[in-house]
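The following pair of complexes shares a single chain, chain A, combined with chain B in the former and chain C in the latter.
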Partner chain A sequence: MSDALLGAVDILNALLLLTGFLLVGYKRLLPYVRVYAFQSMLLAALSLALALQTGIFHLYVMAALTLLIKGALIPWSLFALIARLQIKREIETTINVPLSLLSAGALVVLAQWVAQPLLARGAGGMSITLIVSLALVLMGLFLMATRRKAITQIVGLLTMENGLFLTGVAMTSGMPMLVELGVLFDVFVGISILGIFVFRIRQAFDTVDMEQLRELKG
Partner chain B sequence: MGALQALLILPLATALVCALLKSGRLLAIVHAAGAAGTVGLGLWVVWGVAQNGPLTLIEQWLRLDALSAWLLLIIVAVGGWAAWSSVPYLAEERRKGVFPQTKLREYYALFHAFWGTMLWMAVCDNLGLMWVFVEATTLSTAFLVAFYNEKRALEAAWKYVILSFVGIALALFGTLLVYFSSLTGLGEKGGLLSWVTLVQQASQLDPGVLKLAFALVLIGYGTKMGLAPMHTWLPDAHSQAPAPISALLSGVLLNCAFYALLRFHLILVEAGLGGFSSSLLLAFGLLTLGLGALFILVQEDYKRLLAYSSVENMGLVAVGFGFNAKAAAFGALLHLLYHALSKALLFLSSGFLYLRFGSKRIADVTGALRSTPWVAIAFFAGVISIIGVPPFGVFMSKFSILSAGFASNHAWAGGLLIGWTALAFVGFLHAAAPMVLGKGRDDLVREPSWTWGPLLALAGLLLIFGLYLPEPLRALLDQVLEMIKP
Partner chain C sequence: MSTWTATLLLVGQLALVLLLAPWIRGLIKTLKARMQGRRGPGLLQPYADLMKMLHKSERFSEHTTWIFRATPYLVFASALTVAALVPTVWTPLPVSFVGDAIVVIYLLAFGAFFTALAGLDAASAFGGMGSSREMMVMSLIEPAMMLAVFTVAVTAGTTDLSSIVSFHVASGGISLAPAQLLAFAGLFLVALAENGRIPVDNPSTHLELTMMHEAMVLEYSGRSLALLEWAGALKLLIFFSLLANAFFPLGIAMETQNLPWGLGAYALKVVALAAAVAATETVQAKLRLFRLPDVLAIAFVLSLMALIMHFLGRGGI
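And now, the complex of A and B:
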């Protein structure tokens, strides 16, 4: 890999990890979605860097689609949803911010630990990217487990998916193209459906706090 | 165009036409024609595989072998019955004004889309593409679970989509790891995640990575098939959906998720890691079986009872493959079919019970035999079948799994199996007997035969299959068993 590209990948790795911490630390909704959009753009840039280096055609396609769908289309619809629901309140968490950040740090260590056996088996080309990607998956899971608002859960899900996409890029230069396209399509449709549900839930329950959904038990 | 291509296109085309039509008579006709075509083509394709063996549609991507055909048969059979019963069921609900007329179109369009995604999933040779279609089944059913659009339905649908999404994301990770192991182990020869290629080259894949991949896939697809402790969304979603959709969710979609898991298990078996994957299946299966049985015992809502019974039965199927013996696998494969048909019968007839009694509480339904005799008979036949009373087939499939378990030195697990299924037996009968036989209101209403006709026909089929499995199906099962070498 040329030095310039290598440097770029390093910076992108660092920024991607930063977005994970920002998501865990933020308490307001709008910056939250902005961070997700930024994260997706970084992802597109990283795919592009790898595409330039390897010349693999489908990485160019994925970089463009990631930018278009995850960097623009999905954040834009989430902004529209927030505006229409007029959600202004802060994000309510079950764990406070310092403890959340501390947990996020622990998750990075965990990701490092999980990545070791894979690195030992030849996933060494982009070792830092692999660790960052696993950390993002874990942070996404963490967000889903600790955040109560519907939209923050959606962003948690999306972060997890971004992490998985990055894992694919780091380990195998992406999945076969048709599969990647299918996954992207599923994610887009899935997020649209969840968005519609948020809307209907707001109408039926007058809240988007998922802790309030407790009719079904046993 | 071959029959298989037509089979894959027809449901999606029907869905599209339904979405474009106005809710009226023409809609019902399109639905009926589409469903009849799908069932006909499906049976024809399955017959072809039983006679001539596997059929490759697109190298590396789409292929129909005996195992896919077995799943295809279940999808087509249960789907056909759900489609048939949908017409009277929705007509009755419309008469009661449960949902607005305009939603009929949505229902039929999504019904066929759902059916289609399952069929596509069954013919995927490519594990990545299979993931895409498993996720597509979640997406196409989301609005069906939320069909009634009330609080409970929305809550169930939200949980369903979110939890399936998380679960299946882990399955994607597992799939990615398999791809990684094929690239590092085989390079270009590794193909593009084609199952056939992976099985052929299984011995050259890294065992450590494969084990990790299987654990992730087990959690991932296990969430979708209702393995404990990831099953929590299942009773909600299956009890809130309209009855014919519940029948499809419980009878078929769980099988689809298990099928996806099974494909990975077979790769591990081929790689000499069958001991690892089957012991995981056994452990999770026993846990699921036990939890399902316990929840059956304390259930007050009969649709949730049926859903927990599905959890229990999927546990049993996992145990069947967990014994890592051919005879047990045979029992588990049979059980997939018998459970699917029985559960479809139960959910469909419980839908009509709900329409008659207006409550999902077990205590509110008493003496159905007096007030709606044919539906009650169909329901009770389903109960007798699912708890494993001969001559119904479930008795045989459970017995095969159990005896193979003891024969393969799993005495401890076999003992647990007996205990848990006995518990489920008692719990189910205790709940269902008063519903059907108890003292009821003597207000017999003549129900038209087109409402209960499909139910009795299904009960009849179940009885026949218990006594005699047609020759092509036996041939198909033999082919599947050849693919499974413990």
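And now, the complex of A and C:
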């Protein structure tokens, strides 16, 4: 990889890891969604860097689509959902923030440990990208497990999807165009459906706190 | 290098830092004011304040001990010593044998420790409150600062600050490895916390209940207050020098004929960092006290991740 692109990929990886930690550490809802939008833009930039290096055309298309759909359309629909729900703008967590941050750190170490056998086969300049992508997947899962509001769990799912996209970019220079397009539109439709679900939950039970919904069993 | 050159470099560095520190404070205030649509008090106002305070007489409360009277001199001396150890315009500093990065961290902690003691010494409620808050922040931020500095030190293979900067200059001048960028982010948050900037503490508040650093120095007047304010400005400039030269030492002078370049590069980097701090202070609001551990934990985890990423980048520990 050319030096300038290598440097750009390094900066983007560090920023992606930073956004992962910010998602785990933030307590306010609106900046939360903005950090997710920023993360999607970084993802588009990373695909663009890979496209510039390999010259594969569909990577340019993927970068543009990621920027459009994940960077603009999905955050916009999430903002519209938050405005319609009129929920409290604070994120409630099941464990406190410093402990969440330390767990996120432990997850990054776990991602590195898991990535070692894959890296042994050689991934060129993208070794750190692979570790960051696995870390994002794990952090998305962690977000879904430890956040109480439905919206924040949706963002956790989206972070996992971002991490998986990044894994594809890191390992295989982008998956076939058809697969990527299918996944992207699946995600968009999924978010719309989840939005409708959350609104219905709010209408039926007057709360979006998932912890309280556990007590309805039996 | 000859003793003459070494002495001149040392005196030059101390003079530069002492004269530049109040101007940086004035610059941050002016930038904040401009961003908020005001004109600000002027860039030379901190100098006028220091002159005014040096001329005024001091009053000491009858409840204070020698700690209260000695603290301003101790804090100023420790800040000045650190200023002689952190590279600003040229890099192999003549007195770098005196102390390395760990000594720098502990000298800064020494100053903070005595300031906290002085806050307690005056037996006023606000002083005690400021001291306890400051100690809470310090206990959470010291590990973050150590880890960030250790990341840079481990990359260079030494803890001597001049050698670290020389190493980074030799390996390109700008280092964009993820570990370095994360350490920079962590150290920036540490700088905000240690110097009492928003979002940790409001440096221009006049409400005692919201004060942290100001509460500890509330009882000081005259020359002692001037020394404490100057030491605070010195500490801010030291952190800026660390941030600029340990991570992006491009342009620093290694021979005497490059001194003008070194001066220009240093001025540029420090002004850029001052603008970043001013922007952060304008955009963010001061955090509630009980939210502080969240932000300080972010700084700690960033520094920890920087150190871990450094070892990851080399293919495992």
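Everything that follows uses one rule, which is that the second predicted complex is superposed on the first by the 210 of 218 C-alpha atoms of A that agree within 3 Å, B and C clash if a C-alpha of one lies under 4 Å from a C-alpha of the other, contacts with A are read in each partner's own complex, and residues count from 1 in each chain.
To be clear about the criterion, a residue touches a chain if its C-beta (ideal position, glycine included) is under 8 Å from a C-beta of that chain, and two chains touch if they have at least 3 such contacts.
The structure displayed is predicted, hence computed values, not measured ones.
Q: After the chain A overlay, clash or fit between chain B and chain C?
A: fit
Q: Have a look and say if chain B or chain C is in touch with more residues of chain A.
A: The larger set of chain A residues in touch belongs to B.
Q: Quick one: classify A:Pro31 as touching chain B (first), chain C (second), both or neither.
A: In the superposition, A:Pro31 contacts neither chain B nor chain C.
Q: Is A:Ala204 contacted by the first partner chain B, the second partner chain C, both or neither?
A: In the superposition, A:Ala204 touches chain B alone.
Q: For the superposed three-chain arrangement, provide the angle chain B-chain A-chain C between C-alpha centres, rounded in steps of 10 degrees.
A: 160
Q: Kindly classify A:Leu164 by the partners it touches after superposition: chain B alone (first), chain C alone (second), both, or neither?
A: A:Leu164 contacts chain B only, not chain C.
Q: For the superposed model, what is the least distance in angstrom between any CA atom of chain B and any CA atom of chain C?
A: When the complexes share the chain A frame, the smallest chain B-chain C C-alpha distance is 19 Å.
Q: What residues of chain B sit close enough to touch chain A in their complex?
A: 61, 126, 128-129, 131-133, 135-136, 138-139, 142-143, 146, 149-152, 154-159, 161-162, 165-166, 169, 172-173, 175-177, 179-181, 183-184, 192-193, 206, 208-209, 212, 235-236, 240, 295, 298-300, 304
Q: Please give the residue numbers of chain C that touch chain A in the complex, ascending.
A: The contact residues of chain C facing chain A are 176-178, 181-182, 185, 291, 293-294, 297-298, 300-302, 304-305, 308-309, 312-313, 315-316.
Q: Under the definition above, what is the set of chain A residues touching chain B in their complex?
A: 117-118, 121-123, 137, 141, 144, 150, 153, 157, 160-161, 164, 167-168, 171-172, 175-176, 178-179, 182-183, 185-186, 189-190, 193-194, 197, 200-201, 204-205, 210, 213-216, 218
Q: Under the stated contact criterion, what part of chain A meets chain C in this complex?
A: So the residues of chain A in touch with chain C come to 7, 10-11, 13-15, 17-18, 21-22, 25, 27, 97-98, 101-102, 104-105, 108-109, 112, 116, 119, 127-128, 131.
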